[in-house]
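Consider the two complexes below, in which subunit A is the common component and subunit B and subunit C are the respective partners.
Entry: the complex of A and B
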């Protein structure tokens, strides 16, 4: 599986100011069917670890603070 | 045994987070609580969270309490309907609307007597699907409420109850309520009443002259739903409505009633500029099954819209029996 480490942009972005992973929240990680999100323990925020998105949207929809944004490619909209 | 001990440990850890000074932590604890299966432990904890000092925690608890039907929890949610934070009140209303057991209806009806505004509308909304006979009288009384949303919710309750005694009051609202949305819902609620068609028809005919097209649309749909042959002349007239949406529902109703008188107007609608209406007219002509429609349907086989062509073909085979 390709790692997203070298990529400049990934489809799922997390607003670090809104993310409350530091308070024990793992909603986006739990709902992702592909398990491509993870919590960055050093920063205390969620991030996209693997760039394999299906654009299914529960992470954005279920995020309790609205911190997750899924950027759907133009041709899939 | 080990597994049970682990689970208890896990729940204790969540319960500890539920009294954390940080509201963000408490809110996440509410979410985690739901993932555990021990409802005996979870319910009181959620109820406690519903009384939290932070609105975001209360809202999360109100959402989480969906599906719990014990009296304490219903009382808690009813209280939350008057919460100062709108998101808490809305979440409580949503959870109450998901109640399934008719036994809970007694509590809701009791709460109705002192409720008003949003609270009252939400309780009526919750009562709707429970169909408890005790909700008839308060719902009828709520038809005179000054709040539009309360009247609309009360109509929902009456529509689900299908009580013959409600036909008269619903018909009054259908024809003379000041809010178009309420009139529309009232007209739709008349579609559930199969008791006394003679009281319903005049109200529906008046609603056909309503200045708001959504009310007219609902009225023609209800005429078809009730299968009232006396409605045919009015439905044919509605095929001349300035809104194609009204004509579309009228065509559907005429098809349902298998009205031969409607063949000329339906054939004409087969060439309207809106393809949705053309499709509906083709389907209706097929249902009516009158051979006079064949030339028009054959012409519709050349329609620019493939769906219309397909449905015209289907209608033709329905009529000719081939």
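Entry: the complex of A and C
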């Protein structure tokens, strides 16, 4: 069955300069209730892998360096 | 992908609110028990209170309220369909639980004399206790789990319970949402604390995860209990909440009400006497929303600056802290305009309404060795404090059961069958992506089940849900994460069918908007002053039956019975 790839903007963004995933930090990935964040091993930063956000904010609040920002998903904004 | 076997005495499924309390209390009762919390997310930030809570909705505090008064209030708010013993058991333990949480470090609002600063929001009594610093709730619970040496497993999705030959609990099966490893956990007891069925209706925005409830709560426990043969009750009493339009948080009348904020129509006029969330209140809310004076707003722009800042401090740091960001994006300030409101998608949740797994006052379900607590356990309007109290009951009851029972053998056939079902979507090539199936299923829930309920529509809905059952075998998962979403569709579909079947069975209207049937518009106490129970029948099909209401232990007088039916403000004609 053929599949399409649709582009969507995601509500959670990570500041690559502040993110310390390359030092082994996984706090934002760990605390997300929906498990939608992941670490990009090639870049050494966290990113939003799945657009399944409750915009609840533990990822932003618990980030030790203030690298994570949660916006309201575009459909609701 | 591996199969991993474990053995415990008490398995708590769900590590949000009720679950950690249940685990801690089981350990307190008997520290030698092997107690494990199985959590789908991470216990540090999981469940309905992942960002804390801004207050208690049902604090029964001596000097402010009595258990008897509270039982009356909930009996009336839930239109009489209440097993009062369960509500009374909550009410009698409400205060000791507040004291315990206070000792654990949860901060409640107190007045200058050190007394709890309880506010009036309900129609009759006074039970709302603000927690302006309630954002640390999960940290407090986590500390207790560590202190009591409760074992925790994160990122596991429980998919089915295991039963012994007599139908009692023998274990549970789960899948890891990161590795797809399959878990078989032998246990004497299971405590279900998986929260509401919050991913049932589709939010008006169309965003699948913009639900009122934490969308991780997909109705897992409702489905687990159903397939284990447990009775569920009041499923037709849906959860529908008044929310900020397009945002999934309440505005919230409980917080703003005591400060002078209120629900208003487009003219800025009050139309309901009491903002406490009940079906009757939602009915009036819905009428105003759809009427010529609609839509509905929360009015705060008449309040003083210091009051508004205080409200903002609470609302923007607790429970739904992204609310401030939402208002900012829309350019709305509480000081210069009313907040547009709307109603939420439908869900199942006894924490707010009454739809849940049937339990008695010891948190026992109708399956031996199976307990339930929190939003999924049918104790009407139980909220967060009720989740803690029933979590305590469940933990203590399970510990007692363990003392009297040996582990039951597990049936290899049940395990084989479940492993094949759970791993199925990983080997389906050219199949249906879970997100597409979920969207269609939940859109149909809206089309056919959202009140006002219409018989023929619900029948068509059942037919559509049946067709989606056939699609389940075509679900395809590209990775373990998608596999979790695929298994959640099974839960959501089960809940949709339960919601339709129970709603069709109760041929009357009750609980205001929660069960407003256009073709049976009146309440009919003669035939329907009963609980509607739902379970898996002997033939494997969903079946409903009635349970009589146990004689009230706190009788109501005639005036009290109708208190919640007169919520609409009737303007007195002007006198000359």
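Heads up, the rule we're going with is that the second predicted complex is superposed on the first by the 64 of 77 C-alpha atoms of A that agree within 3 Å, B and C clash if a C-alpha of one lies under 4 Å from a C-alpha of the other, contacts with A are read in each partner's own complex, and residues count from 1 in each chain.
Here is the rule we go by: contacts are C-beta pairs under 8 Å (C-beta built on N, C-alpha and C of every residue); 3 or more make two chains touch, one makes a residue touch a chain.
These figures come from a predicted structure and were not determined experimentally.
Colleague: Go through the superposed model and pick first if A:15 touches only subunit B, second if only subunit C, both, or neither.
Modeller: In the superposed model, A:15 contacts neither subunit B nor subunit C.
Colleague: Of subunit B and subunit C, which one contacts the greater number of residues in subunit A?
Modeller: C
Colleague: Does subunit B (first) or subunit C (second) touch A:72, or do both, or does neither?
Modeller: Touch partner of A:72: subunit C, not subunit B.
Colleague: Give one of first, second, both or neither to describe whether A:52 is in contact with subunit B, with subunit C, with both, or with none.
Modeller: A:52 contacts subunit C only, not subunit B.
Colleague: For A:40, is the partner it touches subunit B (first), subunit C (second), both, or none of the two (neither)?
Modeller: A:40 sits against neither subunit B nor subunit C.
Colleague: I'd like to know which partner A:64 touches here: subunit B for first, subunit C for second, both or neither.
Modeller: A:64 sits against subunit B, while subunit C stays out of touch.
Colleague: When the two structures are overlaid on chain A, which partner does A:24 contact: first (subunit B), second (subunit C), both, or neither?
Modeller: The first partner, subunit B, only.
Colleague: Under the contact rule defined above, give the subunit A residues that sit at the interface with subunit B and also at the interface with subunit C.
Modeller: In subunit A, no position sits in both the subunit B and subunit C interfaces.
Colleague: Show which residues of subunit A lie in contact with subunit B when the two form their complex.
Modeller: 20, 23-25, 27, 64
Colleague: Using the touch rule from the top, collect the residues of subunit C that touch subunit A in their complex.
Modeller: Going by the criterion above, the answer is residues 41-42, 44-47, 50-51, 155, 177-178, 205-211, 214-216, 246-248, 320-322, 325-326, 329-330, 430-431, 433, 481, 484.
Colleague: For subunit B, which residues are in contact with subunit A within the complex?
Modeller: By the definition above, subunit B touches subunit A via 17, 22, 24-25, 27-29, 31-32, 60.
Colleague: Under the stated contact criterion, what part of subunit A meets subunit C in this complex?
Modeller: Contact set of subunit A toward subunit C: 1, 3, 30-35, 49-50, 52-58, 61-62, 70-73, 75-77.
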